[in-house]
Every structure is written in structure tokens, then in C-alpha cells.
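Same chain, two partners: subunit A is paired with subunit B first, then with subunit C.
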Partner chain A sequence: MLPALVVLIVVLSVTTDGLLTSSNIVNVLSQSTVVAIAAIGATFVILTGGIDLSIGSVIGASGVAGAWLITSVHSVAAGIVFALLVGAGIGVAVGLLVAKLPVVPFAVTLAGLYVVSGGSTLLSHGRTIAPVPAGFINFSIDGPGGVPYAVWMTLGLYVIAQIALTRTAWGRRVLLLGAKEEVARINGVSIGRVKTSVYAVAGLFSGLAGVVLTSELAGAGASMGSPLLLNVVGGVVLGGTSLFGGRGSLLRTAIGVLFLGFLSNGMSLLGLASYDQQMVTGALILLAASADGLVRWVRPRTATA
Partner chain B sequence: MTSQAPAIAVRNVSKSFSGVVAVQDVSFTVAGGEVVALAGENGAGKSTVKNIIGGILRPDAGRVEFGGTVPAAGTRGAKHSGVATVHQETSLFPDLTVAENILIERLRTGRSPVVRPRRLRRIVAPLLQRVGARFGPDTAVRDLAAGQRQLVEIAKALAADPRAVVFDEPTASLNLDERELVMQIVEQLRDDGVAVLYISHYLEEIARLGGRVVVMRDGHVVGDRPTGELDRAAIELLMVGHELAQGYPALPQPRPDVMLSVRNLDDNARVHGISFDIAQGEIFGLAGLMGSGRTEVARAVFGLGGNAGQIEVDGKSLRRGDVRAAIAAGMAFVTEDRAHEGLFLDRPIRESLSNVVLGSVSVSRWGGWLRRGAERRLTRELAAKVRLVARGGLESGGRSLSGGNQQKIVIGKWLAGRPRLIILDEPTRGIDVGAKAEIHRLLIDLAQAGSAILLISSEMEEVLGLSHRVGVMHDGRLAGVLDRSQATQEAVIRLATGGGR
Partner chain C sequence: MKPATRVRDALLAGARQPLLLVLLVLLLALSVSYGDFASTANFRNIAVQASPLTIAAVGATYVIITAGIDLSVGSMLFLAAAIESSHALAGVPAGLVFLTVTAAGVGMGLVNGIAVTATRVPALVVTLATLQVFRGAGGHITGQQNITLAANLRGIGTAAALGVPAPVWLAAGAAVGGGLLFSRTVFGRYLQAVGSHRDAAVHAGLPVRRVTAGAYALAGLLTALASLTQTGRLGAVQPSIGQGYELTVVTAVVLGGTSLFGGRGSITGTVLGALVLTTAQTGLVFSGASPYVFDIVRGAVLLVAVLAAAMRWRDLARAVGPTVLRPARSRSSRRKPAKKW
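For the complex of A and B:
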């Protein structure tokens, strides 16, 4: 996928003005932040061969929960912690259901999507919760070197998550469970515990994504995260993490998310109307994904590692 | 095309995978009406040759000719030339019927889009009769035992009325009767003028089928002679490159203390009221016909099914249905299904070896930071312990290994500590004589060190040669337990077929 991203950036930088100016790059990174954070959790889930469709609604629910506490007790810190707890709590619940019920993750998390979305709309009475303090909004606007704090944090989280995946026993178990669940079970991997943990992690990162989105929008509404689900899963899968599990990384996810980010930004710079943008996005996703497949097909077949 | 041209001619074929040479300048021929046996250890290059003949792989150099002509590339080229392959790992669709599987490539009649079941049955019935199948064309493949599936594979190959057939380990999952059947089918094909390439580890089969034997070692053909000129020892010498110790090693004396105690094991399905003990240092063989419940007993003991009954390990009662508790109690389980349950084919070999003991190479018992140096050292030790031959190193994928070396991983992953009880289900199925002898040696060493061993094998010789005592299963029950002195082939078969003692 990296070659596709490079080609995209080269083509866009020739055809548009100002794609590679520092202000525009910061722009792309900021616009990708929320999706990028949620995609960290989604990567771990997908590595086990699972899927989490509730990510968008958990972003909304935790954002609403955090904004509610921030506006009612005037403590940003308490609001953030609460949002993270709500996200992680929902994640643990979803994970336990996935681990214990003989139901595929697609169905469990689809149910989760509806319940969480309905519940958070009900509790927020369908209203947008605002205003939040200016300092909190600044988190996604200002930062060292003109790069928002939220972007720096996301970069750091990717480094930490990649290390967790490749350098800890937990990460190894996630990968091996996804590679072949039957082997992992016989080897004594606690299948239920690992599965629960990845959905909990997905919930936690969705909660954090909800906090950052609330900061970006200067308020929170229950439905604000719903449109992001496809971009989150799309970024992970475009990056080359296998939907069947056992193969992938955070680095790949970062590339996939950046591809979508630069694509959307470039088309705006080109002045494409939104329906045109959708069609071009679709075509380029197909092209990028198949280019990856073509490379693998052309190369001689080798033992995969 | 000339009539003298051999049905299959492999000419100077070479093939490498990512720089590792799999076969090098291999040449041999198979004429119509001739059986040529292809022998060699795992990893010698037999499967690569088979796949090149079948059009699944393209050779880097050299070519394959059928009846003097070079076929079109790909699997269709081989099929159009009348060359059929009977694969070892069954390539059947479990949810389709026997008839549908056999005719999978020509389900339709002419241009009609409709599949006519009656037509399928009419074509398939004589084929099933020819392979001696005792099941109907409408049986779902899912409901067939492994041996029966192999017969379907053979019928599928014969359906195309081939001029040449490649058999890849066709008897690896079969019992004695079924093996005899396959031998007869091969002989019939030969007498009908079909060219047969027969890949097998069973030297008895090779000797019986006659014709010629082509022996491969390390990707080269090291012998191509009439079977009559080579005895068993000579073939083994060619395969391995050095002399093998004959027969089975002497068994160490078991200790008096009981290591495993099983009482009234039951899974309400295939296994009923099983009770037995295994002492420290004892090898307990479990024999029985296919489907008699041997595998189910092994799985139930390890916690993979069947919760009724009591199990004690070294005097301590074991929580049932819990694999992690079984491992914590010192059990190890070597599955009969290594591709599906044994190792991670698409991950590095190192990860398959270290998974069981990941806690011991990370900073805390529950996980956390992996100490990669410790992991590498441990996996190198384990690989050495089982004499793993991984030409691509421990970072290459499990799929790159031969069956015998994959099996060494499935065993080796348990050997970081000394298991108190090691359960082995068909540990030497489909692997070559060299690897087999090494695995036998390893079992003896484990018993010597005090481990209890539960050994299941369809190979009577192996069970009798390695076991202190042999339990014989019949129809889900333990029909009897024979001491080493009583355990003869006849006695085991009598119990296994329900004949009593």
C-alpha cells in the first residue's frame, strides 16, 4: 500500500497547488486524527479475525458522555476520563459477548452499534452538548511547531500500539489467535481473554476518538461518529491488514488512513464536487487495493512470513 | 506423438523457492502399464515434482512431457493430456455429495445450466464400485471418514479415464483393508495400461507394486532402478544417505508411580466408560480401528471434549474441559491434524515453537514485554532438540517446511519443560523413515526421563514396537489392555474387531 500512497501524493502534488505545503500537511493530519485513533483499536480487532461495527456509535456515546461531564462539573480532566471509561466499558461488554456467545463478531457488534447509538441519543435527548471550554478545543488546533497536540498524541499512540503488537506477549497472542484459533487454543492461549481484550482496546480508542472529535467540533452529538465507521475499517483494510486475521500492523493502518486523508484533501484542492469526490474515491480505492494484489501476484510465490 | 513415448517424462526439471533449491535437474519417465514408485524423505522434493507434473507449479528449468508432447501450462494442461492426480490432503467439498465431488468439473450436461442428479449418479455408481466404496453417490462428503474420502479422491481421478495417474501418499490415512483395496486398484490400472506414479513412505507397498523405484534425496534423483534390485534396507540407505538403526529401540523400565489416572471417561457420543492408568516412564499405546474412539479419548483427556469422568495427573485431580488446566498440570498434546491444529502455517516457525511457553520468555508470567533474545535462544534449543531441518531458518513460514519437519514443530513446542504426560495422536503419519526414527527416539528419551506417554497410531507395528502396554478400543469402549508380552498383532486385531480376548 505504501507505493499507492506515494503515487497518490506525487500525482496530487503535480496536479494541485499547495498539497505539500506544511500547512496543508498539518491539515491532512488533523483531519485524519479521529479516524486514525479509532483505527488503532480496529486494527487489533481485525487482527484476531473479528470486526467491530460499533466503533462509530461508541465515538458518539463517549463524546456525549465526556461533554456532558465537562459542561456540568466544569472539569475537562474528569470529562476525558469519563469518556474513556464509557468507551472501554462498552468495549469490555461487547468483547465478553463476542467471547462467550456462539455468535459471530459481525452480529454482536452490529447489535452493539444499534443499542449504543439509540441509548446515547436517548440519554442526550438528541441534542448537541456544548459549549466546551476553549482550552479543550485548542487541543485539536494548537500545538508545538504549529502541529496540534491531538496529532502529536496520535503519532505517539501509533508508536506505542505498534510496540504493543510486536514486542509484547499480548500482541503476539492477538496475532496468533488471528492466524489460527484452533492452534492457539491447543497451545493454551486463553481465547476468551484475548478476544475480550481487543474489543476493550477498540472501545478505549473509540472513546479517545470521541474526545478528540468533541474537541474538533467544540461539542458532542450522539450521531457524530456514525459516518466514520467505514473510514476506520477502510483505513485498516486498505493498509493491508487481513480481514481474516493474523496478518497486519499499525504501520499499515497508518498508511491506509493517510491514503484516505490525502485523497479527500487532494480532491478538495482540485475543486471536485462532493458526488464527484465519492466516485473518484471509490475508483481509487479499488485501484490502490488491486495494485497491491497485483504486486503480490507478479512476484514469485514465496513462503509467507 | 509417437507410441513409444513415455506417458510421463520429467526432463531435467529444477525448481527453487525464494532461493532455496527444492528440486535440481530431476529426470525420470513413467511408461504406460508401468508402476513407478517415488520414494524419499520429507523435503526431498517429491511433492514439488508431483506439483510440477500436475501443472500446479511451473519449473524454473527443464520440462514435463506427456506422451512426447509438452502440455499447455497450468493444471488444465495436465488434465487435457490425461494425467490425473490423487492428492494426499483431500481436496473435496465437504458439503457436496460424493457424486457432485467426483464430477465437480463437469456437473452440467452440454449447454444446460441445470445439474441433473440422476445423471451424476449413473456416471458415478460404477466408479464407486471400482474403488470398492461401501457408500452411495448421494452421501455428503462431510459424513465420510478419512479413509472413505480418500476413495472418493481416487474415484475422482479415475472419472476422467486418465492415461496416467499420480498417487500422493494415498494410503496414509487408511486402515489395512482399505490399503489392500488401493493396492488392487493400482494393480488394475497398471494391467489396463495406465501409467502410475506412486508416491509413498511405505516401503512394503513399494515392494509389492513392483515396477521401478525412483529415490530422491535433497532435491536430486539418487536412484532409479527396478524394484526387485533393491531391498528395504537399500532403499532406506538411498533415501537417508546413511544406514538406519533397524527396528525399534529398547524400552526403558517404567517407574512404579502412576502419572495419569483416567476413570469413567465419557463424552456421551463416541467414548464410553474408559478407565486406565499410565505410570511414570510408561508408554501406553492406544490401538483400534479408525472411528473406534481413540482420538476422542485423547482429546477428552486433554480437555478438548467429553467432561464426564475423573482424571488425575500425578495424584492431583484435573479440572475437566479446560485445556489451560491440562497444560498447567503438565500435559502436552500432539494433534493428528497438524495443518489445522498443530502449527501456524503462515507465521514464522519461531512463533509456532514459542507460543506454548510465551510466558516464560516475557518479563512476567502473564505476558508483557517479550524478551526476544530469550525467545530466539529457546526456539533454537527446541529446534535442535527435535532436529528440525528448516533451510530458510526459524523466521521462515511454517508452510515452507516438509510434513516431517512440521510434525517436529508440533512435538517440539511442548519440550521446553519436560511434560508429565505427552499425548500423541498419529505422530508419524505421512512422514518419512528418517524423521519417524527420530520421533521414536524422542519418545523413548521422554519415557526414560519419567514422562508418561499416551501413543495413538494406526500403524500396528509402531504401537506394538513402542508400547509397554496396549489398550485396544472397540466401538467407543476399551475392549482390553494387553501387556507387552501378550500384545501381538493377532491379539490386537481380535480385540479391535470385537472378538474378545
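For the complex of A and C:
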């Protein structure tokens, strides 16, 4: 996927003005943070061969929860903790349903999507919750070296998550479960616990993404996260993490998310309307996903030959 | 017929019946609770409102029976409506417009179907991507504006014959035709074979890819028809049309007893599912609840329907014994969800 990212950047820097200026690169990075953070959690879920469609609505719900506490008790720390708790709580609930019952994850998370978004819209009366303190907004604007704190934090999270995936027992279990559930079970992996944990992690990161998005938008609305679902799943898929589970990494996800970030930035610089951007993004994600499928389709044949 | 199959059929038939009961109880409860509910006008209204959903859900049933899924249904509805209202078709006779829109529906369905069969990318991801593509294309055509439909295009949603509104005729046609196609044709048999055991169907020499792509094409066609009825009734095309429609459609289908694992399904069930959902929605309107409550309700209903199906499967496994179907806690049942998300 890295070559594709390079090609995209070369093409866009030739066709547009100012793509590779330092201010625009910081721009791309800070516009990608919310999707990037949520995509960490989504990567773990997809690595187990699952899917979480509720990510967008959890971003909205936890953002609203956090903003509500921040505006009502005037404590940013309490608001952030509450948002993370809401995200993780929903994640655990979804994870338990997926792990304990013989139902498809997509049905559970699709139902979860609407229950969560309906619930949070209802509780917030469909309003945007604002204003949040200036210091909190600064988190996604200011930072060392002109790069926002939110971007630095995201970079740190990717390093930690990659280490958690490759260097910890939990990460190994996630990969093994995704590659071959039977083998994982025989080797004593508690399937239910690992499955629950990846959805809980996805909920936690969605909660954090909700906090960062609230800081970016200087307020929170229940529906603010829903358009992000395709970019989150698309970033993971574009990066080359297999939808069948077992193969993938956070590094790939980072590349996929950056690809979408540069694509959307470049299309805006080219003056494409939002609906045209939607078309191009959808088509590219489909193309990338088919590439992954084609490889899998060809491989077993060459293996048996 | 083997005894096991007979037991299974009996159980499935029994499992489908409760929905009719649910519908009657729901109608009775709402009629008792709200004085205005039990009127001819209201029942007529429910039937008309349920029509586009019924038509689209019959199409989705075919897709789900092949163990697939179509999340792009709401966007297809919007793109079909956008094409119907486009400048290019202004002044064209209604029949020709309807034909174009229907053909576009088949085309959209084929895009999904070919992408699913040629690449074996999970249908979920294919249709999540085409959801964006179709909605973007629809936005491109309409410029994200509300467009009022020409009067000659509204008849399909507002006319009536023999005292029955046109949408209801169309929904009944889709249900009966769809049911016959499912139960009386080779294509219908193939659909079930592909859905219940894809590999076995491949080995038996069935045209698995063509059957699967055909299911998506049919879903596209029926979604276009649903779009024509819906927009005809509303008289306008709005950019938000069809948003979140996939949940309503999937819920209607699953509520009707069609398995998300594929292979088993019923058109009658889907029609009843669509009626139950629409009645519930109308009931919520009567109760004065916020429209967001319906989001929660249909999400919860989907969850309950999926769980009920899982439980039914478990009872079934116990009833027919371990030789035919291993108990739900066994590996075979646990492996199934992983295969199809």
C-alpha cells in the first residue's frame, strides 16, 4: 500500500498547488487524527475477523457525553474520563453480545449503531453541546513544533498499539484467533474473552476519537461521528489488513488512513464537490478491498498446484 | 423426505407463524390504546407506507438467502430517485422514465453482485463502499437539492385501482411474484443451495456466481421499484432519502425468519416483517414519541430477531440430534459466524 500512497502524493502534488507545504502536511495529519484513532480499535476487531459498524455512533455518543460533563461541571478531565468510560462501556456490551451468542458481528453492531445513535440523539435533544473551554480546543490546534498535541498523541498511540499487537500475549492471541479460531481454541486461548476485549478496545478508542473530534469542532453533536465509519473501516482495509482476520498491522492502517487523508485533502484542493469526493473514496476502497480478495482467491490455487 | 428434514420444516413453519400473531396483537393493542388508530384511512396509510419497504425487502431477502448482505439499499433508493428526477429525463414519457430507472436499478445491483462474486470480498464491505459511491453519484445528479417531481411521475405513488392504492398493488405483485420465483423456479432452488452450502453448490456444478449476481441484480431492480413508489408518493426527491434504510430492510427480512447465515428464508415472513415494522412505526407516531425512538426500536428489534433466530437454531439442534446438526455450543455453530462476519 505504501507505493500507492507515494503515487497518490506524487500525482496530487503535480496536479495541485501547495500539497507538500509543511502547513498543508500538518493540516492533513490533524484532519486525519480522529479517523486514525478510531482505526486503531477497528484494526484489532478486523484482525479477529470481525467488524464493528457502531464506531461512528460511539464517537458521537462519547463526544456528547464528554461535552455534557465538561459544560455542566466545568472539568475537562472528568469529561474526558466519562467519554472514555462511555465508549469502553458500549464496546464491552457489544463485545459480550458478539462473543457469547452465535450471531454475526455485523448484525449486532448494525443494531448497536442505531440504538446508540438514536439514544444519544434523544438524550442530547438533537442539539450540539457547546461551548467547551479554549484550552480543550487548543489540544487539536496547538502543539510543539506547530504540530497539534492531538497528532503527537495519535503517533504515540500507534507505537503503543503496534507493540501491544506484536509484542504482547494479548496481541498474539488476537492474531491467532483471527488466523484460525480452531487452532486458537485448541491452544487454550479464551475465544470469548479475546473477542470481548477487541470490541472493548474499539469502544475505548472510539471514545477517545469522540473526545478529539469534540475538541476539533469545539462542541459535540450525536450525529458527528456517523460519516466517519466508512473512512475508519476503509483506512484499515486500504492499509491491507485482511478482512478475513489474522493478517495486518497498525503500520498498514496508518498508511491507509494517511492515503485517505491525502486523497480528501487533494480532492478539496482540486475543488471537487463533497458528493464527488464520496464517490471517488467509495470506489477506491472497493478497489483496494478487491485486491485483497483477489490475492486470497489466487493463493490457495497456487498452494495446491 | 427424511424425518430430520420434516422436523426442521415443521419447526421452521411453526417459527414463522408467530409473526402473524405479533402483527395482530400489535394492531389490536394500538387500536385499543389510541382511539383514532382503528380507522380505514389509517390502515390504508399503513399499507401504503409499508409498500416500498416490502418491495425493497423482498429483494434483500434474495441477497440474504445467498448468505450475502446489501447495505447499499438506501443509497440505491436515492440514486434511482435522483435519476428519475434528473434533467436528462425531463419531459420524457413516464413509462420510459420508469423503464430507465428500473434498468439503472438492475445496473446498480449488478455492480454489487459482480464485485461480490468476482472478488469474494465480503458483501458487507462491497456494499459499504457502494453505499458511498451510489449516494455520491445521487448527490452529483441532484446537486444535493430538493427536487419536485413532474406530475406524470407521481401516479405510481398516488393512483388507485379498485379502491386499492397503486403502491399496495405493486407491493402485492412483488410479494407474490417474488414468492413464486423463490418457491417455484430453478433459480429459487439454486438460491437456497448457494446460501446453505456454497462449496457443495460449486461441486454440484451450479452456476453459483451467476445465481449470486442475479440475487443482487434482482435486489437492485426491486429497490428501484421501491424508489419509484416512494418518490411518487412524496412527490419530491430529498438528499436524505434512504438514509439508514438498510437497517429497516435487514430488520424486516430477519424478523421474517430469513437466516443471516443464508440458505433459509421466506418471502411471506419478509412481508409480515415489513408490516410489523411499519405498524410499530405508525404506533410510535400515534404515541407522540420522538422519531429517534424508532431508531432505537428497530435496532432493538433487529437484535431480538437475530437472537431469537439463534435460539431457534439451538432448539432445532437439540430436536434433531447431534448426527444432523451439532449442538449450538459445538464448533460447527461457532465457526459459522466467523465465515460470514
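Keep this in mind: the second predicted complex is superposed on the first by the 275 of 305 C-alpha atoms of A that agree within 3 Å, B and C clash if a C-alpha of one lies under 4 Å from a C-alpha of the other, contacts with A are read in each partner's own complex, and residues count from 1 in each chain.
The rule is simple: a residue touches a chain if its C-beta (ideal position, glycine included) is under 8 Å from a C-beta of that chain, and two chains touch if they have at least 3 such contacts.
Quick caveat: nothing in here was measured; it's all calculated off a predicted structure.
Legend: residue contacts after superposition of the two complexes on their common chain; A:A150 is shown touching neither subunit B nor subunit C.
Legend: residue contacts after superposition of the two complexes on their common chain; A:A254 is shown touching neither subunit B nor subunit C. Of the two partner chains placed around the shared chain by superposition, subunit B is the only one that A:S190 touches, whereas subunit C remains out of contact. In the superposition on chain A, the chain among subunit B and subunit C reaching more residues of subunit A is C.
Once the two complexes are laid over each other on the shared chain, residue contacts for A:V94 go to neither subunit B nor subunit C. When both complexes are overlaid on chain A, the residue A:S117 reaches subunit C alone and has no touch with subunit B. Within the superposed three-chain model, A:E182 lies in touch with subunit B and with subunit C [touch as defined at top].
Using the contact criterion defined above for the overlaid structures, shared-chain residue A:T168 touches subunit B, although it does not reach subunit C. When the two complexes are superposed on chain A, the residues of subunit A that touch both subunit B and subunit C are 182, 185. Those residues of subunit B whose C-beta lies close enough to touch subunit A in the complex are 17-18, 302, 304, 323-324, 327, 333, 335, 340-348, 351-352, 355-356, 358-359, 362, 366-370, 372, 392, 395-397, 399-400, 413.
Every residue of subunit A that touches subunit B in the complex is listed here, in rising order: 167-170, 172-173, 175-176, 179-180, 182-190, 246-247, 300-305. Residues 49-51, 97, 101-108, 110-115, 117-119, 121-122, 126, 181-182, 185, 191, 229-230, 233-234, 237, 243-245, 273-283, 285-286, 289-290, 292-294, 296-297 of subunit A are the ones that touch subunit C when the two sit in their complex. Taken together, the subunit C residues at the contact with subunit A in this complex read 69, 115, 118-122, 124-126, 128-133, 135-140, 144, 244, 246-247, 250, 254, 260-261, 290, 292-296, 298-300, 302-303, 306-307, 309-310, 313-314, 328, 331, 333-338, 340-341.
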